[in-house]
Amino acid sequence: MDPLVAIVGASQTKFEPDKSYESIIETVFNVVMEAMADAGVNRDEVDNIVTSSVDLWDGRTASNQMLTEVVGAIMKSESRVAGDGLGAALQGIMAILAGVSKVTLVVSQCRGSMGVQNEISNWVFDPIYQQTLGLDYLSAGALQANYFMSQFGISQIDCAQVVVKNLREAQNNPYAQVKREITVDEVMNSPMWAYPIKEMDIAPISDGACAVILASQEKAKVLSIKPVWILGVGSCLDSHYLGDRDLAGGDALIMASKKAYHMAGITNPLEELDVAEVTAAFSYQELLWTELLGFCKRGEGANMLKTGMTSLGGALPVNPSGGMMAGNPITVAGLTRLVEAVLQVRGEAGQRQVKGVRRALAHGTTGCCGQGQYVMIVGD
Amino acid sequence: MSDHMGGMVLHGKIDLPFSYSAGKTASRFFVELRDHQRIMGKRCPLCRRVIVPAQLFCKECFVETDEWVEVGPEGTLVTFTVVYHKGNHHPKNVPLAYGIIKLDGADTSIVHLLGETDVTKLEHGMKVRVVFSEKRKGHILDIECFRPV
Amino acid sequence: MGRKVAIIGTGQTKHCSSREDVNEMELIYEAATAALKDAEMTIKDIDAVVLANMELFEGRALPDMWCGEGAGGFMKHAFKISTGGTSGTSGAISGYYHVASGLFDKVMVVGFEKHSEGNASSGMALTDPFWDRHIAAAAIGNFALSVSEYMADRGVTEEQSAKVAVKARRNACNNPHAHLQMPDLTVKEVLESPVLAYPIRRLEMCPQSDGACAIIFASEEIAKKRCPRPAWVRAAVTRHDHIYLGEVKKRLTIMRSLREAAKVAYDIVGIKEPLKEFDVAEIYDPLTYAEIAWYEALGFCKDGEGGKLIDDGITLMSGELPVNPSGGVISTNPVGASGTIRVAEGALQIHGRGGKRQVPDVNLVLVTGYGVYCWSDLLILSSRPG
Amino acid sequence: MEKKKGQDELLRITIHMKAHYRFPAGSHYERFFKEIKETGRIMGVKCPDCGRVLVPPRPVCGECFSKTEEWVQVGPKGKVIAFTSIYFPFIDGTTGKPRPIPYGAGLIQLDGAFSAINHILEEGDPEKLHIGMRVEAVLKEKREGNIGDILFFRSIEE
C-alpha cells in the first residue's frame, strides 16, 4: 500500500567523548534547529514532539522536562519514550498514522560522559535475581559473544575485522568520534575487558543528539523535494532473564525484521536492500545482527564481512558511517542509524554514500544483549 | 568577571537506598537456599517447563506456575565469561567469572558467578556444581558460585 | 483520520502503601491478568504493550526490559512512556495511537509504581541539579505556593478545599481498589489535620501508593465483537508548559495547558457545555485546591465559581456531574499509574462495571492527567464511536 | 510485624544507589554562577523577541523559541507573588539533612525580571507573609557559585 509517513528532515551532532563545553539544552536546540531547517519547517508547523532519553542516564527524575523548551514543545503535544530513539520515531509515526499529527519532531539525546556506564547499566537488570551479581551491558554482552562465537565457530579475529572495517569507513563520516585506521593486531592486543571482548571490540561511549522530522503523506509532498518514506517498521522484546534466552538465537530480531520486511514487501533483504545501518555496541553484534536480519545464512556473518560484501562498494554495505565503532551515544544510537539511512536514500551521505540507494535499513536495540529490537526500512 | 566560559561541570552525587520486595515466589526460592541449600524451580502447568530460578508465572503461557521442583546441584555450563575490567557494582574484585548454567532437571538456565576465573579452564558444556555460601541470608548470593566438577 | 479505537477491558491491583507479596513485575502481571479477564481475552490476543511509570522512584533504568514480561510483552512490541506525573495518561494516549495508527489491533497499556521500594526523599534528590535541588519542598511545597496565589485571586476557602477532600475519601469507600478509604470523614477533621505546607493539610494531599492499572485498547471491529459497551476514545490531547515554577505564574488560576487541551478536545467532539454534557469526570487531583481550580479551567463553571460548585454539591455522586467516583488521586497515588487509573475508571463507568461507584447511564466521560508544574493530558471517552 | 519462618516469609532485597554525575552547566548558567560568586549580582538574560528577562538565564526562550544573548542584572530586591510555610521536615537534597521547620518559601518576582524564582523566605510564620511583600536577597559570606549562594530572602518592609 502507498507509504503514509515520510522523513522530511534529519540532523545529528558530531559525536564526541565529552561535550560538556556546552549544556544538553544547547546541543539539543542546535540539532533541532538544523533538522527543522533541513525540512524547511518552522516551529509553528511542528504539531507534535517526541523525545527519547532515560532518567538514570541523565541523573534526573523526569529528565524529559529539561528538553521541553528547546524542542519547541511549550504549549504543544509532547511525549517521551524512555528508551532508544527508534522507539520515539515509532511513537511519532503512529501519531501521524492516527491522524493526530501532520508534522512530528523526534529528538534523542544522551551524554555518556555524565556517568559511569557499566554502573548505570547494572540498574537495568532485575534487582531480585540478576542485579546484585554485578551484571552490566559489558558482562552480559560477553556471555552472548562467547556463546554465539562458540556456536558458530567465529574467532576473535573475525570480530576484530568488524572494528577494522568500521573504523576504516568512519574516515568518511564527519560526525564520527573516532577517525583512525587501525589493524587487526591493534584490536587483538587491546586489553581483555570481559572474555572474549577486548577494549577495542567495544563501541566507544560518546555524547550526542540527533533529530528527524516526520510528515504525513500529503504534508511531505508539499514540504520536501526528496521525502524519505517509511516503508516498514518492526519491534520486538525478548526475554529479560539471561538464563531464559537463546543468546545467539535472536528470536526478537528475527520477529522484528520479519514484520518490517513484510510491510516493506521485501522477501530477499540481501538483494532488495541497498544499505543497512545496524546498532552494534560490540564488534560481535554486527556479525550476529546481520545474520539474524537474513543478510546471510547463520554463521556466515564473518565470511560475508571478509569477502567485503558489507564494506562500502560491497553487495550490501553495513554501517558505511562506521556505525557505533565511530561513537556510541547509547540511547541515541538507533535514531542516529535512521538519520544515516535517510542521508543514504537522499544521496547526501558524502564520501560514505553508497551508490544508487533506494531501500535502507536502520536497526536499534534497548536493554542488554539486544533484548529489545527495532527495525525500520526507509526508501525513496 | 572572566569572560571565558568553558565546560563548567556540576558534580552531583546520588546516595539512596532502595529496598525491593522479592515477592512470594522469589522469597520461597531464597528461603530454600538459606535454610535447605536447595535450588528450587517452579513448573508451568501448561507447557510443563521447570523455570529456574523460580518465577511466579510462565511468561510464554502467562499462567501462574504451581509445582515446586528441586533441581541441580549439578548442571552444564551453557556459556561463560571472565570480567577483568573493574566496576564498583561488582560483588567482588576482578577477575570475576560469570556463567549461564542449565541445572539438571531445569528447563531454563540460571546466571550466576563461577568459582573458576582462569578462562583456559572453562569450556562450554562442562559439568559444574553449586557451592553455597557459609553465611546465608535469603539472597541470590546465598549461592557463592558454581565450580567445575 | 486514524481508525476508531475503544477501551474494552481494565484491571487494577488493590492499591496500598506497600505490596510486600509481589515484586514490580508481578504487580504488573496482577493488573494485566485482571484486564484480560475483564475483556475476556488471553495474552495471545495482545499484539503490543505500552508501559508507563517514573522509574527513578524505584531507582530503575529501562524497567520495561524486566517488567515488560509482566504485561505480556514477551516476543511482542513493547516500550515505555515516561513524562512525569502525566506518564499514566500519556501511556494511555500512546496506546490509543498504537491502535488508531493501524499498526496494532489490541494493545495492553499498564501504568505502575511501587513507591514503597524507593524512599521519600528520592524524588527530591533527583530534581534539576542546578536550580531545584537546594529547595527541599517537594511537590507539596511547590503546590502550596500556587495555592496561595489561587486563593488570593479566586477567594477559594479552606472549607471548600476540605469538602473536596471529604468527597474524595468517601467516594473511595465505594472503590475496592482505592488506597485510602475514610467513610465518615468530616470537613472539621480535615481542617484539624496538620498543615504540611501552608495552607495544605495532610488530609488534602495525595498519598504515595504501590499499584498498577492495565487498560486494553482495541480496534473498532474487535471492540464491537468483544465488548457489549465499548468506551470509545473520541479525543486524546496533550499540552505541556514551562518547567520552571517562576514562569507559570498564577499556575492554578490560569492553568493555560489544561484550558487549551480542553478547548481542542471539546472542538473535536463538539462539546459546548461540559457541565451538562459530561456524565462523569475523572480528574487528576493531586490535591484538593487543584480540583477546584480545574473545574474552572475545564469550563464546568465561570472563573471564580469553582468553590461554589463544591459548595452546591454539583460534583458529588448525587450532583449534576460526579467528579472522581473512584476517589481520585487524593485517595490513590501510584504516580505512574495515577493517570492510567483515571482513564480506566472513566472507561469502566461507560462499560457499566463501576459496581458501587457506578453512575447511572454514563455516555460521555472526561479524563485528565497532570504532571510537572503545568503539564496536561485530556481524553474524552464515549459510549458512541462518533 | 514479626517475620514468620518457612513457607510464606516475605523477603526484601536492598541495593544502595551510589552514583556520581557530571552535569554540564553550559555557558549561560556558568555565567550566572560566576557572576553571583564573584560580584554577588543576580543576572537574567533577555529574550530578543518578547523582551522577557528570564531567571534562570536559559539559552533559549521557550515562549519564542529564540536564542537569548543579552544579559541584564536583576534584583536583589523583589516582591513575593506566592508564599508558603513548610512544616514538614523535608530532606535538603544538597545536605542530606532536614531543614529546621517551619521555614518560609516563596516565588519572588525579582525587580527587572519576568520570571520569579522559587527560594527560601527568612520569615516562616504565614501570618507575617503576604502576596506583594517586598523582600531582598541575603547572600552567603563565602559564595561557592551556585543558587545556594542566596541564603534566603528577607522582608524589607518598613
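Each chain gets a letter, A, B, C and D, in the order it is written, and its residues are counted from 1.
Convention: contacts are C-beta pairs under 8 Å (C-beta built on N, C-alpha and C of every residue); 3 or more make two chains touch, one makes a residue touch a chain.
Every value quoted in this text rests on a predicted model; they were computed, and no experiment measured them.
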**Request:** Determine the set of chains touching subunit B that also touch subunit D.
**Result:** A, C
**Message:** If I average the CA coordinates per chain, which chain comes out farthest from subunit A?
**Reply:** D
**Item:** Whole-Å gap between the CA centroids of subunit A and subunit B
**Value:** 29
**Prompt:** If you average the CA atoms of subunit A and of subunit D, how many Å lie between those two points?
**Reply:** 38
**Prompt:** Just curious, how far off is subunit C from subunit A if you go by their C-alpha centres, in Å?
**Reply:** 34
**Fill in**
Shared-interface residues of subunit C (touching two or more other chains) are 20-21, 23, 59, 69, 74, 121, 125-127, 129-130, 133, 242
**Message:** Could you pull out the residues of subunit A that touch at least 2 other chains?
**Reply:** 20-21, 56, 59, 68-69, 74, 116, 119-120, 123, 127-128, 132, 239
**Request:** Specify, in ascending order, the residues of subunit D that touch 2 or more different other chains.
**Result:** 10, 12-13, 15, 17, 19-27, 29, 62, 146
**Request:** Pick one for the touching-chains graph, please: line, ring, star, complete, other.
**Result:** complete
**Fill in**
subunit B contacts subunit D in the complex at 1-2, 5-24, 26-28, 30-31, 35, 88, 138-139
**Residues of subunit B that touch subunit C when the two form their complex** = 10, 12, 14, 16-26, 56-57, 59-60, 62
**Contacting residues of subunit C [partner subunit A, same complex]** = 1-3, 23, 25, 49, 54-57, 59-62, 64-66, 68-69, 73-84, 90, 93-94, 96-98, 100-103, 123, 126-129, 236-243, 256-257, 260, 371-372
**Contacting residues of subunit A [partner subunit C, same complex]** = 54-57, 59-62, 64-66, 68-69, 73-83, 87, 90-91, 93-100, 120-121, 123-128, 233, 235-240, 251-252, 255, 366-368, 371-372
**Prompt:** Which of the residues in subunit D come into contact with subunit A in the complex?
**Reply:** 13, 15, 17, 19-29, 58-63, 65, 67
